[in-house]
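Letters A, B and C name the chains as they come in the text, with residue numbers starting at 1 for each one.
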Amino acid sequence: MKKYVGKRLLSLIPTILIVSVVIFLLVHLTPGDPAAMMLGDDATLEDIAALHTKLGLDDPIVVQYVRWVGRCLRGDFGISTAVVGQPVADLIASHFQPTICLAIYSQLITILIAIPAGMYAAKKRGTAGDYTVSVFSIMGISLPSFLLGLGLIMLLAVKLRWLPAAGYKSLTADGFVPFIRYMTLPALSLGFIHAAYMMRMTKTAMLEVLGSDYIRMARSKGVREGSILFKHGFRNALLTVITVVGQGFISALAGAAVVERLFNIPGMGSLMVDSIEKRDYQVIQAITLLVAMLNVVINLIIDLIYGLADPRIRLAD
Amino acid sequence: MGRKLLALALMLCMLLTMCAAVSCAEEGYRDVINIADNDQGASYDLHKDTSVNVRNMLRGTVFEQLVTLKANGEIGPELCESYEVNETSTEFTFHLRQGVLFHNGKEMTSADVVASLNRWLECFSTARKMVGDATFVAVDDYTVTISLQNSAIMLLDMMAGAAQAAVIYPTESIEAVSADTGFIPVEYFIGTGPYKFTEWAVDQYVQLDRFDDYVPYGDPDAPIDGLWGYKHAYTRTLKYWIVKDAATRFNGLMTGEYDFAVKVTDDYLPALQADDSFVTYSQQTGMVSLVWNKRNTDKYLRLAFQAIANADDLNTVNYGSLYDTDPCYMEKDQSSWYTTAGSEYFCQNNVELAKELLAQSDWDASKPIRILVSTGGHAEDMLLILQQEVAELGLTLELNITDRSTLTQLRKDETVYEAYFTTFSSVAVPSLRSFLDASYAGWSEDEHLQELMLAMTTAPTREEAFARWEEIQAYCYSDYCPVLMMGHFHQAAACTAKLTGYNVFLTTNFWNAKLAE
Amino acid sequence: MQKDTARTPEERAALEAARRQLVREQRAVNLRRFLSNRLSVVGLCIVTLMLLTALLAPVVTGAMGLDPYSAVVRDRLKPPSAAHPFGTDNLGRDIFARVLYGARISMTIGLVVGLLSAIIGTTLGLYASTNKVLDNVLMRLCDGLKAIPNILLAITLMAVLGANMHNVIISLTVVSIPGVARIARSQALLVREQTYVEAMRAAGAGKNRILWRHVLPNILSPVIVQMTFNFASAIISEASLSFLGAGIPIPAPSWGGMLNEARAYIYTGWWMIAFPAVFTMLSVLGFNLFGDGLRDLLDPLSGR
């Protein structure tokens, strides 16, 4: 077990190294100039060129890469150019909270919708209820999140005025109620789509378990249906659910750019998109590395949970 | 000494009246105005950051200048009591107001002004070129002067209205300039205006709070004249939310999230205008144009485009009703530079004339005309219409659509395009119209134009400078055609009807705004 | 057994499915089964309809005298009518014609991205299964690419390459390759363990011959299923890219681009957003349903 974890952590190094090279090259190959973005549209070419040199962007790309990696290893991720003077680490820290809150909230919604629905569909297989769940889930998967978000805004915010149309209130600074009011629509738009996916996975996993020999055995022994469904069925389907939650979490961490943009949430996704637009090299690089690392670590955790939950799966080999 | 005492007494009186005024004014009014802005600045350092949002938010609000713009385009003294210019416009002397306090409590003196203005010259290459080696120097604690080799009457206009605003920071701020980037850090955004820069929550909001020791100038009973006049902060806090999406700004305004929204697009205006609880208005904000690469095109091709273009069709598809076909290269608000010279040549929608002009051109009609345009402003749509229009002349346009950063990079390379689309926000003086500059992308290297430009910038009087300016614009329209001018776009803003007291000049200024409960 | 250091969930599911599949040796194609599933048939119908729309767009619009590109400014933002069944957009172009032509773009993107990523991914996966060093290099590369969020990788690629349709295809393909490669690799590893492959090897069959003639056919089912889903997600990704301003540039009538433009006219022209939205959803739905049916058919144990 320890050996396995160690090995997995070790394999993180080449992955991260590859990510760093890929993203550094991509970013520096992109046409555009951070200095021009720093000075605004009306800046003169002369002023821009001077700033360009000052930022060290005239150096050969290899020199820049080595300098960057060296600084990263010392824990210094550089200074943003789109938010001049702000250390990248601070910028990421301040954008992390909204994203993590959104990820958790939307995953909660996902779980609350998807697991009961998925279990119900598996239980009532072939009935109208099962079909309804199937249709809903497939429609959810087919819906781009921004369309769902737009629809929710039009209906719940503009027409009915139940919830604010956009914006973000911090859980720590503004309190729980404002936080929930602002976060609900984006979490719904994100959560519904994950829920659609999770419903399917839950149903599939449940069906598999319910069709297995030991459940048939339990049934023939007269174990109550409820107990079969929850104690035997769900527990075994849990693995799949954990996997889907883990994946949903990863994609909410970084893939929520569209939803964050739509709801004006100052999170990691919108920071990333802005940074690409404004050619904020340091921020793009640092976020990509961070997300990549989180991605690998969350996958490792999922695998470990897998191993603990189901000893049949051999981890070290 | 006596004068100082008098000033102090006056100041005290003012403070007292102000406190009294504030306490009554606050009755029935909200403490916070929530403004939905469309973007944030890169730095909010006004000497460096040329973006419109930054200037609109902070100029006159947090930071003030020695001189500022009045509505008729005249220059009004702001942080100075008065100023003098010698006959040849080579020597400028400013007498500072006494007792003006910075947000950190320090009194403003000539040391602060000299440090700030010399940094401004350092940051702003256009101004630096205008003054040559000269710098601002302190004569005494309250007098600052600069003397130049050549006449530069427009130096004053630039100090009043340049994109890189000549605001006054205390010396501490200038000394705090970061060695890495050359920008002033946020903690040192200290000015003399009625509001303090309290917080910049990146990507969320910028918060400005009332500066209780603000020392106003002008007549308390007169309305604000342009950017000049008696400022009185009724509201405790101005919160500028950064809301990039127009739909989000509109929805937020409708739901009461925001009290004021900038850049309201044409789609939302009918809904807002139909509703009595909202007020909408719009104003000229900048010029819409296709900048020609003069190194790759000849003037007849450019004139042919000008002859065939239909300005209404072009603008409608992008701006809806939010535009006008005013031909002036400056904005209407800037009445002292406003001219219609050459307007008879403005987008004539005349196919026959265009054909005649094109016949004189060397342009090989089988070659596509390569045009750069950036995404984000929906300007691509306008170029599709232009494409359709010039197809009648047998010309083809090849659009290269990129993001803004890529466009600013590509336009430096003369070999990759014939023209690029851009909008220009307002500038303080015509000489700052970058497309008239020989070194600006597009390269207006025409000798006659540059002679006229020099004559304008070195004119000893404003009258003469204006005469040259009319000549320049007429020449550009009739002959040189450095840009295909399509008109001016408007920006609409909307706010709740409960908001009053704001003034509109170039942008919306919230110094004296108040929001009823 | 091969080292299995970084298994992703899909891979794990695929492994599990393949194991059982191999145990039972149950690979008879059962068309009736597919047709008996009503949702799959609906999916098939939608897919066929969309492909037909894409193919026939010029014929249909030509017959109606409509053009997706010509703009008549005075007719801008007109609601649906007999002359313009889906109304007109902000330039006065016919939305019906644009939506039909949009099907061509979306179908092309879906098909090309699906096929390209399947071909490249399968090839990489197959070769990775033959050589440990290659396996390590390729899989670490895949890990690296997978670790960068798809949409962000795609935006960055678009910024580097420049905005046009080819580059959208390239970006989305790059993004989808690692998923296919992992599935192909884990399947191939399992198949290579099979007795008959070992027998072939012992009999002296060439490495490439074994790979392409014997391993490949046995790993195709999950790859094809993955392909249909990649197809659907390519359509959504294109729309999302356009939403973030990094998609196919105008005047190409891509659905994503139309949706993005339409966002500025929700109040004055709801039809601008409604029709492309319906078509986007329908086609993604069609491919998802179709993919489900296909999976039930090819891979009976992993589905419902």
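Definition applied: a contact is a pair of C-beta atoms (placed from the backbone, for glycine too) under 8 Å apart; a residue touches a chain by one contact, two chains touch by 3 or more.
The structure presented is a predicted model; accordingly, all values stated were derived computationally and were not measured.
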item: Greatest separation from chain B - chain, by CA centre; value: C
item: By mean Cα position, the chain sitting nearest the middle; value: A
item: Length of the line joining the C-alpha centres of chain B and chain C, rounded to whole Å; value: 47
item: Distance from the mean Cα position of chain C to that of chain A, given in whole angstrom; value: 21
item: Centre-of-Cα separation between chain B and chain A, whole angstrom; value: 40
item: For chain C, residues contacting two or more additional chains; value: 159, 263, 266
item: Chain B: positions in contact with at least two other chains; value: 247, 402-403, 405-406
item: Multi-chain contact sites of chain A, meaning residues that touch two or more partners; value: 30-32, 150, 261
item: Residues on chain A engaged by chain C in the complex (per definition of touch); value: 7-8, 11, 14-16, 18-19, 22-23, 26-27, 29-32, 125, 134-135, 138-139, 141-147, 150, 154, 203-204, 207-208, 243-244, 246-247, 251, 253-255, 257-258, 261, 269, 272-273, 276, 284, 288, 291-293, 295-296, 299, 302-303, 306, 317
item: Complex interface listing, chain C residues touching chain A; value: 1, 3-9, 12, 39, 140-141, 143-152, 155-157, 159-160, 232, 236, 239-240, 243-244, 259, 263, 266, 273, 277, 280-281, 284-285, 288-289, 292, 301-304
item: For the chain B and chain A complex, residues of the former touching the latter; value: 40-43, 45, 48-52, 54, 123-126, 163-164, 178, 180-183, 185-186, 201-204, 241-245, 247-248, 251-252, 254-255, 257, 402-406, 408-410, 412, 425, 427, 432, 434, 439-441
item: Contacting residues of chain C [partner chain B, same complex]; value: 70-71, 73, 76, 90-92, 159, 162-163, 245-246, 249-251, 261, 263-269
item: Chain C partner contacts - residues on chain B that touch it in the complex; value: 246-247, 265-268, 270-271, 312-313, 316-317, 375-376, 378, 380-381, 384-385, 388, 399-403, 405-406
